[in-house]
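Below, chain A partners chain B and then partners chain C, in two separate complexes.
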Partner chain A sequence: MSELPQFASELWVSRWAIAQGLGTTILISMLAIVLGTILGTFVGLVLVYSRWVSRFLVRIYVDFVRGTPVFVLVLASFYLLSQIGIQLTAFQAGLFALVIFCSTHVGENLRGALLSLPRGQTEAAKAIGLTFPQLFVYVLAPQALRQALPAWINTATEMVKASTLLSVIGVLELLLVTKQIISRNFMSLEFYFTAGLIYFLIDYAIERAGKAVERRIALPT
Partner chain B sequence: MGYHLNFGAVWRDFDLLLSGLGLGLALAIVSIFAGCWIGLVAAFAMNAKRPASRRVAGCYVTAIRNTPLLVLILFSYFVLPRFGFRIGKVESFILTLSIYAGAYLTEVFRGALLALPRGLREAGLAIGLTEWQTKVWIIIPIMLRNAFPALGNNFISLFKDTSLAAAIAVPELTFYARQINVNTFRVIETWSVASLMYVAACYVIAAGLRFMERRLAIPR
Partner chain C sequence: MAQPILQIENLHKKFKDIEVLKGVDLSMQAGDVVSIIGSSGSGKTTLLRCVNMLEEFHQGRILIDNEEIGYSGPQHKARKESEIARQRAMTGMVFQQFNLFPHMTALRNITLGLTKVKKLPAEEANSIAEKWLARVGLRDRRDHYPGQLSGGQQQRVAIARAVAMNPKVMLFDEVTSALDPELVNEVLTVIKDLATEGMTMLLVTHEMKFAFEVSDRVVFMNQGRIEEEGPPEELFRKPKSQRLAEFLKSSKF
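Now for the complex of A and B:
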């Protein structure tokens, strides 16, 4: 443990780099979760309620994205989008891949939650004369969201973890910053451990917060 | 745009891509097999009476599940050699993926163990089996059959996770795809073929797992 003071000083030297990397990681994750959830809500709605043509197309989209590793999605969107004339920075291309990935997970999750609701709910709502938007907003969505929350929290932690993949295409997030620090001082154990610990704390916090919300909104038994 | 599709470059190296796919599958199979053993031990530890073993297993599962796999891979690849473990990149990747799989399988097995009726263990003890024999011959076989669907899902996601091995230059599908991409600049062709290969492999695995699921299901 004679290396500890040296580690402390190296950590102090690189504190701003780490903070900046952490900021980028949080920004990527939050954007991916928010945009992915918005897109995923549409995906879920189409999968449950639309006509068969659009449902079929969206089903292909979901199966294709879910069958491909996120890492391949990130690399493909980084190399591919610029090739077909869409000029994006590495940040935007990586974010695009994460949003796509997130949307399929949220969509499947929402589909499962909507389909698990008893048919009687829809029938009762129609019987008292609600239109479809009213039926969805007041009857189905509140119940489906409660069902979908645990899996959604899981997806959120998954997105934080997936943001590390952007280090490979050169986005300066926490892991790439860590790699750069290590290439300067060769303290791989200490700094990989630090990075792992930071990711752990973020994901653990999300998980804990999710559990707390779950308890809050659980149906009284 | 001026981009003309030309799959020639990709077909020329298609055998490389196929060998990469095979290596990915092999990595996933070895890792899930090793992960099953870790998961079994940790799942029994989590359901054990002693709080110490429960806490150790719980820490392992929480720590691994909340850390990005890429960080774990880089950690074991770059840090283990510093302690004198001279292992290659494939071995280090298998080690990491097994430990990673073990954490997820612990949760699967723990749930499956809790779902078993208590009478099974009591019946085993009643016919004179020891605690160990009951576990090995009664509890684990039935638990594995119940856990099989979840085990299959984990296998598919592990197979997709093998793409991360490209980050430490293990020559699997993603690694070769990147190589072909960089060498030939056939960007669209390379990535569409590579992702289609992953999708197709996942479909085939899923179909195979469903078939085995039907065969293994406990008849009612």
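Now for the complex of A and C:
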């Protein structure tokens, strides 16, 4: 029990480092989710609506990325991109990998949601004279987004967890900061537990917020 | 005789290699109520869906109010999407499965086309929608979502959604087939009311009694062709063709 005061004091000493690591984790995750969602929306739209050539190319992109471990994507974008002359910082390379990863998940999810809508919705919208852009915006998208939301929230929590992989290429996010703290004070159990708790709280917050939004937009029956 | 409001000439339609419409001619005057009957696979629903371009067709012409629908010229050249969208608004369609937009209230289902296609201001669209909701007996359901309505109520909203656009022709595609028997009448009553008021209507239906009562003319389709056509009294009481006689016998009219 004599270790508890010691842990408390070590925690106090490293509070700024942890806060900074947490800040980086949140920043990376948020950027990855936002940019990945924007890119993923295009991916999903191409998969559903485009001509076969572009659909085929994007399909290869999606299957390739989804078939590759995120860890490999992170390493590849850090080591391989510099080989072909694209110089990125560890932060940029890591973010790039996460955005790519996120975009394929969002894209597939959106594709599934759009294809799950009954044909009759499109037909009814056409029948009253809506053009395709109109019927997409007013009829299909609102329904598809409701469908896609649970999986999207899941992807968001996955991105927070995947951001830990960036510790390997030297991005000072929460996990790498934790490792550095442990290498100084050797309190591995306590600090890994602390980091784990923080990750849990972030993802728990995302889940709760997502559930709240789901309830808010649920259709009355 | 006045200019027909709907004119279908030599309509041909193929799905892959199977020809489902083999040259259909049909003409309707404003205010006509025409029912299409026939066994499944006879092409009656496909014919209806060609009229508002939910199906493409390969040969022939459809004219609504003297305007060629979907294609132009002897080359059968497809029109632009925006043109087709505008032409689709000339007809109103009611579907077997209602197809209301589940994320919109009954009122919004009706105002969507009025505000986005007809570009009416919101208040005007609302008052038109409310008028039609009242007409189909659903004034107090304006803020309900489709999921909160019975099948019959949903179908009545769907009818209101279509007629509110003030189409030249209303198309009804087996609109009572998905309803529980006790809900069929409330929908048929609404359609009858519209017919009495002079709405031009083309209906595909399995409700023989209803077709008999409401129609000015009945069309019997068989294997992609119109086999027989005439006033309901003649068609139902004195069928000329063997097939129609058989069909009427099997459909317990």
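Operating definition for what follows: the second predicted complex is superposed on the first by the 221 of 221 C-alpha atoms of A that agree within 3 Å, B and C clash if a C-alpha of one lies under 4 Å from a C-alpha of the other, contacts with A are read in each partner's own complex, and residues count from 1 in each chain.
The rule is simple: contacts are C-beta pairs under 8 Å (C-beta built on N, C-alpha and C of every residue); 3 or more make two chains touch, one makes a residue touch a chain.
If you're wondering where the values come from, they're calculated on a predicted model, not measured in any experiment.
With chain A as the common reference, the superposed partners chain B and chain C fit together side by side. Contacts of A:Leu27 after superposition: neither chain B nor chain C is touched.
Taking the C-alpha centre of chain A as the apex, the lines running to the C-alpha centres of chain B and chain C meet at 100 degrees, rounded to a multiple of 10. Residue contacts after overlaying the shared chain place A:Pro118 against chain C, while chain B stays out of touching range.
Of the two partner chains, chain B is the only one touched by A:Gln83; chain C is not.
Looking at the superposed arrangement, the partner reaching more residues of chain A, out of chain B and chain C, is B. Once the two complexes are overlaid on the shared chain, A:Thr164 sits against chain B while remaining clear of chain C. Legend: residue contacts after superposition of the two complexes on their common chain; A:Val48 is shown touching neither chain B nor chain C. After overlaying the two complexes on the shared chain, residue contacts for A:Thr131 are found with chain C alone; chain B is out of touch. Shared-chain residue A:Ser188: touches chain B; no touch with chain C. In the superposition on chain A, contact of A:Tyr204 is made with chain B only, not with chain C. Annotation: superposed on chain A, chain B and chain C show a minimal Cα-Cα gap of 24 Å.
Contacts from chain C toward chain A in the complex involve residues 52-54, 81-82, 85-86, 88-89, 91-93, 95, 97, 99-103, 112-113, 116-117, 145, 147-148, 158, 161-162, 165. Of all residues in chain A, those touching chain C in their complex are 118, 120-121, 123-132, 134, 138-139, 142-143, 146, 219-221.
Within the complex formed with chain B, the chain A residues making contact are 63-64, 67-73, 75-76, 79-80, 83-85, 157, 160-165, 167-168, 175, 179, 182, 188-189, 192-193, 195-196, 199-200, 203-204, 207. Considering their complex, residues 1, 3, 62-63, 65-72, 74-75, 78-79, 82, 160-164, 166-167, 174, 177-178, 181, 187-188, 191, 194-195, 198-200, 202-203 of chain B touch chain A.
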